[in-house]
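Next come two complexes, and both contain chain A; in the first it sits with chain B, in the second with chain C.
The block that comes next holds the complex of A and B.
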């Protein structure tokens, strides 16, 4: 541990099934360079065993630990304390919005995951397919058929940040539309156009780009939704002329 | 939801929703048990989630621990087939940087053949062509069939498949008590549902403790012990995918000898020390610094990358000694009947790569104890899409 120690008050959202919500305060001694998730885990380990939260990999590959930190979506396993507060400051920890709360900081990702499956989204792709088309593809080389896990961690943070997802649980939401864009690009499966071409699909987005702002992993859902619209229009126009 | 088909089956309670517990739920359910799995947090929230993510070829163990090496390559081939959905399979390299590494290479090549691992010795120039960012001073290189996987998704894939066969999962349920009969027989569990803040009891014919580094906590509830020694290690993630293959140091297993690519990152690991309380293990700065140094030896460009995360994971190592039934040197399965707690079993030790095999051996032992003659069926079963773990949320609503 570094010698630098801060005192920080964690205000944590609490709610058990069927009970009213409230916030609990925990004053914590922290190293400003440790991660928000480490402190939440310590609250559970030493102070309050009833606290529930989602986490698994602790290094930004599984997407389980997305939470709202001082009102902004953060992947807590890679968010250092000094990025969100100061010595003597506060850290407000809340569950993601726009998902049903199971308890405390744990939300139900089920419907979201099932929609990603419907969007035929693969988790593994070739290096080229895993990158955005406009970025410098430093990882792509001519030799070797290398593959990797794609960028989307399925953390749901873009859904939480999306102002439109707040208005309708039926809206597919940024990650799912981005997944459909990715799958269309990779497999050219035209049936995906039908999946997104409706009022709860690609047309509901108001291009606020909050999704892209909070994405911890280069997915750029905002761009992908616009690209999906463009390709959907192109597909529809070409259908008119091929009749 | 009552599954009528479940009623006449032998009931198995599994404690622990890591890789082993999830794979065991699938194995036992397919052998005719009615399985209920309890995990105090999210699936794979313990050691499993925090794994390095290395799908071992067995090369790391082929000199010092041939049995482990053989298990790894066998399970590596199986997982590549059944869990392809969450594995990056780009192979790996073992590279020598010193004269002693070069000398170790001969033992390595011999051990790999003994374990049945397909290796290829590459001239250093060719290894650099394959991986331009590795240390250009390398003296010797071998190509091995390593890979990388996503930890949460591997656990969910086993769990999704187990659920389709009828297994029931109870995440966020903390087992607080083992129910006993007067004669000592373990006949179920009591648990706290942490979402509801409410206690429940479940009866069972067998209770299997698959809590890994926490195994001693569960066996203590029945006043028996298992020789598990939690051995944490630190890992560090960097924000650039500097290599495509896993890069191993060609040497006796040591701190920071494996660099694994995953998504847009590379991950270096790991260290090894004793720590009693596994609920929270601090990430020590000096170990992070050691990882920076070791990673830069393998891939110098790490120095220009940013650290994305640093974390700790507690391996469940088996301490030697004890009169428990031993299956292999790398993981062990215990029937606690001899210690006065019939009906209670523990499976612990092992590695992520061998989780399916651990489940198979544990299920064998449970079946043998109940005199059930059902073979393992998980070797060739392609796992369901991991997201189908959540299929029940729609049928429930």
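The block that comes next holds the complex of A and C.
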């Protein structure tokens, strides 16, 4: 920890049910090396007990504290203040996009979790599958690193960052399509092709790759969507020739 | 996710703030697609006027040589080149090719696009 003390203005999105949205400003004395979530907790603890936000683990394991910091999706528990502002600067804190807002910084993730279930994503991985040697069938990148969907925190930041999800609420979204790709690869469940082969599925993606850019677990949903497309095309073409 | 409908979200497609290169590609593809679609309709309307006889054709040729139309044609060619090359990136990615290098592919293709547009501008404005 540094011994510096910065003065930073936090502009926090506020909206309670049925009320108009606005921003509240909180001028906070902060250590630049502490995390954004620490300051949000301090605002709640000492200044405004009506502020609502989600958090749990404080070490990027649960994915609960995903928010937009100065317009970009971040896990606030691992985002140092010095990474997003300067002494005398501002930090704008907003809820994730593309989810219904429940209260202040809390969004409704219910439908997202249901869709993950539909894509056969095991939200609780068994110890055998979560630990070395990783998943049943390993996917290895060109650089030798492993692809591990089991690392997905279900934080929803990829859905928030996706420009297509801005205007297509029915779009399954990056995390769900990544889950389908994973299930297909691991369990060869071909019924998932029907789940993703539609206008709100794998073809809705417009290759902006914002999902991959914001993913805190390096799950690379963009690559997974394209892999799913490739396998779907292969499946469709093989169906034509097997008639 | 089932969010409340918000027409402002459509405009946010074109907001590149806090976004990465992939969104610039996304925005460019949308703008060029809209431009090319608009051009197609204008083109059909102009073709319709040619059916009015030789005088109408001569008048159109005179109009086509004015600087505003030449700039417009340059924009159409630029849009076609950018949209086409960006489309190659998306098609390659959709076949699982170069997904991890999509940013580098985009930059490379846009450099090619800039070169093609420069050649076209040179021949169109300074070729005679």
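Rule of thumb we're sticking to: the second predicted complex is superposed on the first by the 214 of 243 C-alpha atoms of A that agree within 3 Å, B and C clash if a C-alpha of one lies under 4 Å from a C-alpha of the other, contacts with A are read in each partner's own complex, and residues count from 1 in each chain.
Everything below uses one rule, namely that a residue touches a chain if its C-beta (ideal position, glycine included) is under 8 Å from a C-beta of that chain, and two chains touch if they have at least 3 such contacts.
These numbers come from a predicted model, not from an experiment.
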Next item on the list: Once the structures are superposed on A, label A:117 by its partner contacts, choosing first (chain B), second (chain C), both or neither.
Entry: first
Margin query: On the A-aligned overlay, A:222 touches which partner chain: chain B = first, chain C = second, or both, or neither?
Written below: second
Check: Thinking of the overlay built on chain A, is A:58 touched by chain B (first), by chain C (second), by both, or by neither?
Finding: first
Notebook entry, point to check: With the two structures laid over each other on chain A, which partner does A:106 touch: chain B (first), chain C (second), both, or neither?
Noted result: first
Notebook entry, point to check: Of chain B and chain C, which one touches more of chain A's residues?
Noted result: B
Check: With the two structures laid over each other on chain A, which partner does A:126 touch: chain B (first), chain C (second), both, or neither?
Finding: neither
Check: Touch check for A:38: first (chain B), second (chain C), both, or neither?
Finding: first
Next item on the list: With the two complexes superposed on chain A, say which partner A:50 touches: chain B (first), chain C (second), both, or neither.
Entry: first
Note to self: Can you give me the overlap between the chain B contact set and the chain C contact set on chain A?
What the structure shows: 108, 111, 141
Check: Mind pulling up the chain C residues that touch chain A in the complex?
Finding: 1-5, 9-10, 12-13, 17-20, 22-23, 25-26, 29, 89-90, 93-96, 99-100, 102-103
Notebook entry, point to check: Which of the residues in chain B come into contact with chain A in the complex?
Noted result: 41-45, 48-50, 53, 84-90, 129-130, 148, 150-153, 155, 172, 194-197, 235, 237, 241, 244, 261-265, 267, 277, 279-280, 282-285, 308-313, 385-394
Checklist line | chain B-facing residues of chain A, complex | finding: 1-2, 16-19, 34-35, 38, 41-42, 45-46, 50, 52, 54-64, 77-78, 102-103, 106, 108-111, 113-114, 116-117, 122-124, 127, 139, 141, 143-144, 146-151, 153, 217-218
Note to self: Help me check something: in the complex, which residues belonging to chain A touch chain C?
What the structure shows: 70-72, 98-100, 108, 111-112, 141-142, 159, 163, 165-167, 169-170, 173, 206-210, 213, 222-223, 226-227, 229-230, 233
